[in-house]
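Multiple structures follow.
Shared between the two complexes below is subunit A, which has subunit B as its partner in the first and subunit C in the second.
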Partner chain A sequence: MLPSLEELSAWLPDLLSGLSISLQVTALSLLIGIPFGLLLALGVLAKSRLTKIVALFLVEVGRGAPALVLLQFIYFGLPTTGLTLGSFTAAVIALAWNTGAYTSEIIRASLQSIPHGQREAAVAIGLNRLDALRYVLLPQGLRVALPALLAFSILIFQGTSLCFTIALPELVSRAYEIGSNTFRYFPALLAAGVLYASISIPAALLVSHVEKRAGSYAQR
Partner chain B sequence: MTEDDALAAKGAPSEKGQARKPLIKLDKLSKHYGNHTVLDGIDLEVMPGEVLAIIGPSGSGKSTLLRCINYLEPPDGGHVTIGDISLNAAAPAGRSELSTLRRSVGMVFQSFNLFPHMTVLRNVSLAQERVLGRSRKNADERSMQLLSRVGLADKAEQFPGRCSGGQQQRIAIARALALDPDVMLFDEPTSALDPELGLEVLAVMRELAETGMTMIVVTHEMSFAENVSDTVMIMADGKIIEKGPSADVMRNPQQERTKRFLRAVHDR
Partner chain C sequence: MSTADLFAILRGLPWTVALTLGAFLVGAVLGVPLVAARQSRILPLRFLAMIFIQIVRGIPPILWLFIIFFGLGMSVFPISPFNAALAGLGLIAAANMAEIYRGALASIHFGQWEASSALNLGRWSTLTDVVAPQAFRVALPSAASYLIGLMKETAVASTIGVSELAFQGNQLSQLTFRGLEVFALVGMFYILLSLPVAWLSRVADGYLQAKVAR
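Let's look at the complex of A and B:
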C-alpha cells in the first residue's frame, strides 16, 4: 500500500515538478484573481447601472459555474470560436475568474462591514472618492477580508488538481502518470496527497493565526 | 438686544462701520425622505465668529440640517451659501464645488469616526496631504500644533483605539481643524461620552469659540448653549421654532414649544 523509499525517490522529482506547476497556477490565479475580485466588488457597488450589470454577470457566472466547467469551457470550448489557449494559460484564466468571482463577494461584504461613519468622515475632511477608498475604506476592508481571502487561496490551491482534466502536468496528473506507468495508483496518489497537505495544513494554521490578529489595530 | 449687539458684547470680531455679511446663509433649505419632511424650508444666517447652538427634541431635523450644510446629505430644495460658495439644491452639485465646500467646513461627529487603522498623527495629517497638497513634513508639523492645542501631542504615535472617548473626540476636532475651515460643525459631540469626558471636549470647544471660530453646534448640553454660544436656535419637526441671543432664549423663551422643551430638559 505505502510507496517504498525507492519508489518515492524515483517519483519525487516528477511529483515535485507537478507541485511546482500547481503552485505557479495558484500564485498566478490569486495574483490576477484577487485584484480582479476587488474590481468586481467595486463594480457591483458602483452607481452606474451598466458597470453593475457587467460586474454582476461576471461574478454570477464565475461563482455559478463549477471551476471544472470553467476550465473545460475555456480549454475545449473557446477553440471552437478560434481562440486556442495552452493548458497552463487556460488553467490560470479559469481559476483567476473563479477567484475573482468569489473574492469579490468576500471583499464586497468586508467593505460593507465598515461602519458608515468612516466613509462620512472621509468625505467630510474633503477626500475624493478614490482617496476615501484608498486610504480609509480599503485598508480596513481588506484587513477584515484577509482571513477569508487566505482561506480561499487554500481552496484554489487544491482546486488546481482539476487541471489534470485539461492535460496540465500538475501534481495530480503526475501522480496519475506514475500510476499508469507502474500500476501503483494508490501509493502515487497518496504521495501526492501528502504533498498537498504539506502546503495546505501550514497554510491553514497561518490563516487561523491571521484571523486572531485581524481586527485589532492597537498592536503597535 | 439684537443678535449683533450680543456678538459685539461678547467681543466677537466685527468690522465696524460696514454692514457685516453672514458667513453662512441658508435659503428655504429642505430635505425629504420619501414623503417624510425632515427639513421644512429652513432660513438661517450665521455671522463670522458666531457660535450657534441648535437644540431641540430628537427627530427635529437638527443633525440633518448640519449634514445638509456640508452636503454629507444633499438637501433637495433651497440654497446653501458659505462664504463665496453657493449651491442650489435643485441642481446636482459639481465635484469641485463640493470639494471647495467641504474644505471650508470642518465636521465633528457624535461617534468621533476616527480612522482606527492610522495613528493619531496620520488621522490629522491625511487630508492636509491629500486635499491641501501639503508635504508630509509640513502636514505633520501642523498636526502636532493642532494636537498640542487640544492637549494630546503625546498621543500622536498611538492608535485611536488606545485613547479614551474624550481624547478621541478632541483628536477628531484637531482633524477637522487641519483643513483650516471657515466654520466648524459639531453633531452632538459629547452625547457618546460620560459627563466627565464630555467636559474636556467642551473645554476645547469653548477655547475654539474664544478664538473667533464660527461654530454650529447641535447639542443637548444646555450649559454650553447658554454660556458659550452667542445664539441659540430651537428646532422641532424640521422647522425653526425660535432663535435669538442665547441668554434670551434659554432664560426667557417666547414660544410655547421652546418652553415645553426646556422644562423637560430641566426636569430631568
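Let's look at the complex of A and C:
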C-alpha cells in the first residue's frame, strides 16, 4: 500500500514540480485576486448604481458557482468566442475571479466593521475619499480582514487541485499520471496528499495563531 | 441552446442533490462523535481527533475522491463512483461539521453549565437537555452555509464520473462545442440551488435565535 523508497525517489521530482505549479497558480491568483476583491468591495459599496450592479454580479457569480465550473467556463467556454487561453492562464483567471469574489466579502465586512467616527474624522481633517481610504480605513480594515484572508489563501491552494480538469500539470495531475503509468494509484495519490497536508496543516496552525493574536488587539 | 440541451443538463440535478444531502447527512452524524472525541477529557483521544480533523481538511476534496476511487477502488475493494464520492465528501463534511459543532458549543455561555451543575444535572443530561438544544440553534446558520459550500464541492465528483450537473455540462459542451452557454447555464443552476437553502436558513434562524440564552 505504501510507496517504497525507490518509488518515492523516482516520483518525487515529478510531484515537486507539480507542487511548484500549484504554488505558482496560488500565488498569482492571490496577487491578482485580492486587489480585485478590494476593487469589487469598493464597487459594491459605491454610490453609482451601474458600478454596484456590475460588482454585485461578479461577486455573486464568482461565489455562487463552483470553482470547477468557473475553470471550465473559462478554459472550455471562452474559446467559442475566439479567445483561447492556455491552461495556466485560464487557471489563474478563474481562481483570481473566485478569490476576488470571496475576498471582496471579507474586505467589505471588515471595512464596515470600522467605527463610523473614523470616516467622519477623516473628512473633518480634510482628507479626500481616496486618502481617507488609503490612510485611515484600509490600514484598520485589512488588520481585521487578515486572518480571514489567510484562511482563504489555504482554500485557494487546495482549489488549485481542480486545475486537474483543465489539464494543467499540477500536483494532482502528476500523481494521477504516475498512478495510470505504474498502476500504483494509492501510493502515488497518498504521496501527493502528504505534500498537500505538509503545506496546508502548518498554514492552518499559523492562521489560528494569527487569529488569536489579531483577536487580542480588537476593541470591543 | 435548445430545450433538449437544457434537459440534458437537468438530468444531473438529482445526482447533485442526492450527493449533497447524502454527504451532509453523513457529515452531520459522524461529526457528533468526532466533536465528542475532540472535546473529550482523555488526552490521546482529543489529540487523535484533532489530527484526524486537520488531515481531512488539509487535503483537497478532489484528491480524497481520487484516493478512494482510484487508490482504494482499484487495489482494495471495487467501489462505484457515487459511493466513492459520498464517502469522500462525507468524510470532509464530518471534519467540517465537527468544527462547526465545536464553535457552537464554545459559544454557549459558561453560566449554562454552572446553572446545570447547581441543579444537580449530570454531565450527560446537561449536554443533551441544556447545552445541545441551544448549540444546535447557534450552529444552524453556519451549517446552512456549509451545506451550500458542500453543494458546490460536489462538482468535483464529475472528475470520477458521477453524472451530476458539472459532468452533464462537460458532456454537453463536448457534444455541442458551445462551452460558453453550457457552463454559464451549469453555473446558474448551482446558484439557483443555493437560493432555497439560504432562504430556509434565514427563516429558521429567525425562529430559533430567540431561544438562545445570552
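As a working rule, the second predicted complex is superposed on the first by the 214 of 220 C-alpha atoms of A that agree within 3 Å, B and C clash if a C-alpha of one lies under 4 Å from a C-alpha of the other, contacts with A are read in each partner's own complex, and residues count from 1 in each chain.
Throughout what follows, a residue touches a chain if its C-beta (ideal position, glycine included) is under 8 Å from a C-beta of that chain, and two chains touch if they have at least 3 such contacts.
Computed from a predicted structure; not experimentally measured.
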item	value
Touching partner for A:Val69 - first (subunit B), second (subunit C), both, neither	second
Which superposed partner A:Leu12 touches (first subunit B, second subunit C, both, neither)	neither
First (subunit B), second (subunit C), both or neither touched by A:Leu162	second
Touching partner for A:Tyr135 - first (subunit B), second (subunit C), both, neither	first
Which of subunit B and subunit C A:Ala124 touches, first, second, both or neither	first
Per-residue contact with subunit A, leading partner among subunit C and subunit B	C
Contacts of A:Arg143 with subunit B and subunit C, given as first, second, both or neither	first
Interfacial residue positions of subunit A with respect to subunit C in the complex	1, 60-61, 64-70, 72-73, 76-81, 158-159, 161-162, 164-165, 172, 175-176, 179, 183, 185-186, 189-190, 192-193, 196-197, 200-201, 204
Of subunit A, residues touching subunit B in the complex	115, 117-118, 120-128, 131, 135-136, 139-140, 143, 216-218, 220
Contact set on subunit C toward subunit A in their complex	54-55, 57-64, 66-67, 70-72, 74-76, 152-153, 155-156, 158-159, 166, 169-170, 173, 177-184, 186-188, 190-191, 194
Subunit A contact footprint on subunit B (complex, rising order)	70, 72, 95, 99, 102-103, 105-107, 109, 111, 113-117, 126-127, 130-131, 158-162, 172, 175-176, 178-179
